[in-house]
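Letters A, B, C and D name the chains as they come in the text, with residue numbers starting at 1 for each one.
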Amino acid sequence: MLELHHVSREFGGLAALCQVKMVVPQGKVVGLIGPNGAGKTTLLNCISGLDSPTSGEIIFDGTPIHSRSPHRITALGVSRTYQNIRLFKEMTTLENVIVGQHIHGRSTLLHSMFVWPYHWREESRLKKDALALLERFNIGSVAHVHAGTLSYGDQRRLEMARALATRPRLVLLDEPTAGMNAVETHQLGEQILRMHADGITVVVVEHDMALIGQVCDEVYVLNFGEMIANGAPQAVKQDPKVIEAYLGHED
Amino acid sequence: MDINVPQQLVNALWLGGLYSLFALGYALIFSVLGLLNLSHSAVFACGAFVGLYTACGDEVFTTTCTELDRPIWIVIPAAMIGAGIVSVAVDRVAFWPLRKRNAPRMNQLISSIGAAALLVNLLQIQFGAAQQRFPFGSIPNDPVSGLPVVITPIQITALVIALGLMFALRILVKRTRLGREMRTVAFNERVASLLGVNVDRTYMTAFFIAGALAGAAGMMYGLAFNSMTPFMGESVSLKGLTVIVLGGLGSIEGAVIGGFLIAAIEVFSVALGRSDIRDAFVFLLLFVILVVRPRGLLGQGVEDRA
Amino acid sequence: MKTLIRTIVVLTFALVAVVPFQVQAQDGGGMGAWDGCPVPENLPEEVTIGAVFGLSGNIAAYGEPQKRGVELAVAEINEAGYLGEGTTLIAVFEDGGSDGEASIAAMDKLIAENELAAVIGPTLSAQAFAADPIAAENGVVVLGVSNTAAGLTTMNEDEELDQFIFRNSLPEANVIPNTITKSTEILGLERVGVIYGNDDDFTLSGYDAFADALEASEVEVVRTETFARGDVDFSPQLTNIINDDPDAIVVSALIAEAVPVVLQARQLGYTGPIIGGNGFNSPALFAQGGEAAEGVIVGAAWNIGSPSELSVTFTETFTEAYGAAPDQFAAQAYTGAWLVATAIRCADSADSADVREALAAIVDYPTPLGSFSFDETRNPVHEPVVQIVQEGMFKLLTEETAAQAFGE
Amino acid sequence: MRVAIVIDIINAIFEFIFNVLNGALDPILTQLAEIGFREPVVQFMLINAILGLSIYMTLNCGLFSLANAGFMAVGAYVSVILTQKYDAEFGLSLLGGALAAGLVAIPIGLPVLRLRSVYLAIATIGFGEIVRIVVLNVDTIATDLFNPDEPIELTFGARGISRIPKLTETAHLVFFLILMGYLLYRMQRSRFGRAMTAIRQDEKVATTLGINVVYYKNMAFILGAMIAGVAGGFSGHATRIITPKDYGFDKAVDILAYAVLGGLGHWSGPIIGGMALKAIPERLRYLNEYTGALTGAVLLLIIIYLPSGLVSLGQPSFWRRGGRFEGARRLAGIGVALIVLTNMLPLRNLGSDEVLLGLEYWHLWGLGAGVGLIYWITSRQPASTGGRFSLPMSAVTGLLALGLIIAGLIGRIDQPGDGYYVLVFGLLLATAAGVIPYAPQHTETPPAEQVEGSHA
């Protein structure tokens, strides 16, 4: 589904990513771990199009996407969340999700101006879908609250709901459990498994090994921009290179 | 139609000095606050009029001032200090309340316009809208003899002062503790205050220096062109903007180089016979620079600064 | 049919206007003692005239002297009882700002809130184009005292509306040909350089007039340069012009730019004549220009050094009242107020329609500007002057003064 | 033939609409005229409102563009030339102006909209100046280039185009404004508008949600340009003369001020801001040369005390946030500073018989007794102070102003922060107006007494 070939990203001579190779098979949940500053977020940025690799190829479903603009990548079926939550704080929870459905709407300015029946139908359809998504993440009760006022956990969940609103085939989750307690983390793990069950491929960047163990089929380990190991979660944990990379590290 | 190249070079050089002098303060405020301070041109006019009042006293209100009450070497520093104080007051009134609550830059731009309108109109109420000048002979104005080109002492003075202040400012920013503090504040206000920098005082100092530079520029304009009105800053304001964009927003050397470059473009578009679209060249350059290289000639990558 | 009616109306207007008021000043009558019309008897206690001048912003440099000119005239008129015993003339001022919108608002407000005999102003020609139709549509006479743009008094589609629009400011097109012929004659000009402000309607029409007059006088223009309003440095343009070694530099500028142009031309070593238009006609020229202004030739509608009794009295009283010498803006506004008052006196009515007719009938009226009449398109007719700056004063340009200035 | 019928029908419809509107507007205009806003002023206020909407279009998409004055110029010149030279119908000429402005916006927008914040602002300032210079010189340059027998006269340079027929009517403006208000109202609730809001709030997230940022930014820019073009057409046909200097840098910044002053929280903000910025100087007109200074001060005060613009006055959160008295105290700050200003500036020179805020000066002190009441009302039920009094409008404003002084003073005691602004304001003005000595040449006494007087 997603293949990265020799992807490098340099910032003014400093290599954030170096010849990264990665294969994410269709329908799997793949973990991406590594110490802070290993280049995990840069990698996600390159896949989602916010950043482009200095060299190498990123192929999604047979289509090279490393030089595409982000909105076109999203249209192909890639969606993501952010490590530091980036919601539209001045919009309501519901509106955040509806914005996420942008590519599935067709109504234009003229439609809405002349109150085309088509526009109403589309609006109510989008709203229904969005509410369903909110229910799925248990935040339906705060649908009409400004996103900026939501609790931290709800904001995290809303971000995932919004990512799913684009109806992606591949979801990139950037530390979805940061700042969550064990119970919340576990619930989130179940949400990820539900996505998996729906046939969505997931790449999840995490520090929480419990979650990785809970959801991932395969784990990649990134250290100083280089992919140092990959394999099943249990196997990777034993890998001496990984232990070395994490030496002295809490996780 | 041949061109008097040496004379036009002199024209360009000293006009460049004036533009740079005006743009220095503009650039300083931008580098520290990331703020376009459109009241800079009003402070500039204030400087000129503080100078005039120091030089002539109450006489300026009634008639044309005919002789200096105080020597010129007192008048210039007085204008600089006066403009500096005005500049700090503008900061306190127009920017500080907004900065305190992290208002959008756009609001600060508008409040700087409000401050400019207030200042310029106050000047008009006190001094009238008609043009004023420094007394004849405030500074020797006869061309330096024995040269193939016409160049007057005031032109040389303006150039020397512009370059001198530029070097002084450069040393201040790069070498001194104050300069370090300014750069830290410019980088990140919160980090600076965590590092023990008195952020507010740094802003005040920056505004004072910028104001003093504007005051010096105002004095040089007043002395050189003998035509001061409360509105004298208006036409320079946009030129100054072009200058700092060309040089690189917030870069001090950039402001100077930009100043000379803009002056050269203006003078030579006139010299080549297109004085009617002289300003079009300037703004076209501004436009192209922004599209091609938004950080200007010497600017660092401060793309996301506002 | 419509045209026919209109023609008849216009003709009637013209007839009515000319016949009963064809009066001229008597010999020896100064301003305030004009006995061409009897002392009016039917005027109310208060007669109001409006004035729209730019009093805020940088336009105040022109609007302020205009206001003073009108104030002075009104004070004199009341003191002399010019409108008859028990009748006071009141001038209501309204700030016309510096753009069309503000002048429209000012004119509209003035007319709505006052019963006006006439309006004086607005300051700029562009403002007049915007605001004068409002006065005309309301049947109020408007007298421009500083509008010099071409076609101002014939701006409306409807000629009847035009009948209400007057001006006493001699357009550049009347002043400049005279200036050029006279200075060519006296100084023997053959090649000149021209510099003008190309972003201002006043300086641009000045330039047009200069260009035409120079062509008519067969003077070669070796170089034409432009500047923008608010510019302070003119050395590049002047360097170009001086480099071509012209016999004279012709400048179309307002006083704010005129002074630096003159100063910088002299600084660059140019000693020949500099010729300017109405915009130069301000005491600021030699007050600010000092020695550099010597030898500057100014074609204008009014000469501050004019020996005429009215002009001398005006200059003296103005200087005494305001502590500064009047400029042309003040003189024309002062004259405007007197013209309006005269029309009110002659019409013996404060009704604007009557005032209009009386104003149109003014012929050979003695004013500080000279002997003054309106022509059939309500434009001023009087002799323009050509002056030269000498020893810090305006003097009339003659063979002698020219010889003194340029040592020929 | 068919086309003619369609045009007739359209004309009839419009005629009907404007008749209805005129009927509704008449009493309103009469009322407005009574409080000093006569029809021409109302028209310019409405044109400002349209301009406010045009900049709202771009700001709502996060674009800090100052190009609208330039587009206004394009619209004004094109539509005026259409009506004057080609006898086009007014509506068509407006459409032409809008299209021309939109067409110009396309090649400008594509390179420039990549820029952010201040860089975009400066680039668009450059664009505006280029437009102005082109309009100034297009005649001479075209004549030079094509060298025709007669000089080409299109824009008439600095002379401007004069003798424009006055076609703009208040009903037209109201109609267009309602139309645009409706458009924006619909837009905010549509896919299109949501995409723009998303871009303003977080461009990067918006793009990873599949929103084509470049497309929407350009659309916003073009739509803003077209609205500005229409405003230009309206203003040209209202002032009867257009000159290039009407559309310079000052105008560009003015338009931005409409949006900031009114507030961007709601589409009505720029409308209110635009109208206020015309109304405030008009209300202060009697101050003549002091109008400019006071308008500048009002602008500053609003920015400082009402950071989210005038619309925030209508939002409950403004009154609640920061305690019960916060909103009242902010207004109080404005009041105090205004009083300080008006006292220091004009009244000193104008004499005591002049009016202040529509109230005779001595009334102010006489009405001091009502102060406590007013403060009480403003602090508790701020929304209801409007039309309850049977006092004349001017008395209410005066009372409010006076109440606000006291409120401001109390506010200063409550919280030093607020009073500080006022103090600094006072100090600045004291330096400006007090230290620099009073200028005798500005005395406003009529010169009659002075002619023989001792004035030297």
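Quick note on the criterion: contacts are C-beta pairs under 8 Å (C-beta built on N, C-alpha and C of every residue); 3 or more make two chains touch, one makes a residue touch a chain.
Because the structure is a prediction, the values reported are computed rather than measured.
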Per the touch definition, the chains contacting both subunit A and subunit D are none
Relative to subunit C, largest Cα-centroid distance belongs to chain A
Argmin over chains of |mean CA - global mean CA| returns D
For the pair subunit B and subunit C, the C-alpha centroid-to-centroid distance in angstrom is 37
Subunit A to subunit B, mean C-alpha position gap in Å, rounds to 50
Chain centres from averaged Cα atoms put subunit A and subunit C apart, in whole Å, by 75
Multi-chain touching residues of subunit C, meaning two or more other chains, are 56-57, 60, 198, 229, 323-324
Residues in subunit D with touches to at least two other chains are numbered 136-137, 289-290, 292, 440-441
Touching two or more other chains in subunit B are residues 62, 121, 124, 128, 276, 279
Pairwise touch list, complete, is A-D, B-C, B-D, C-D
The answer for subunit B against subunit C in the complex is residues 1-4, 7-8, 11-12, 15, 18, 62-64, 121, 124, 128-131, 133, 136, 141, 143, 150, 152, 221, 225-227, 229-232, 234-235, 266-267, 270-271, 273, 275-276, 278-279
Within the complex, subunit A is touched by subunit D residues 182-183, 186-187, 189-195, 197-198, 201-202, 204-214, 219
Subunit A residues touching subunit D in their complex are 48-50, 69-71, 73-75, 79-80, 82, 86, 88-91, 95, 98-100, 102-103, 105, 107-109, 111-113, 115, 119, 122-123, 162, 165-166
Given the complex, residues on subunit B that touch subunit D span 34, 36, 38, 53, 58, 61-62, 85, 89, 92-94, 97-98, 101, 103, 105-107, 109-111, 113-122, 124-128, 238, 241-242, 245, 249, 276-277, 279-280, 283-284, 286-287, 290-291, 294, 303-306
In their shared complex, subunit C is touched by residues of subunit D numbered 33, 36, 38-41, 44, 136-137, 157-160, 162-163, 165-166, 235, 238-241, 243-246, 282, 285, 288-292, 440-441, 446-448, 450-451, 455-456
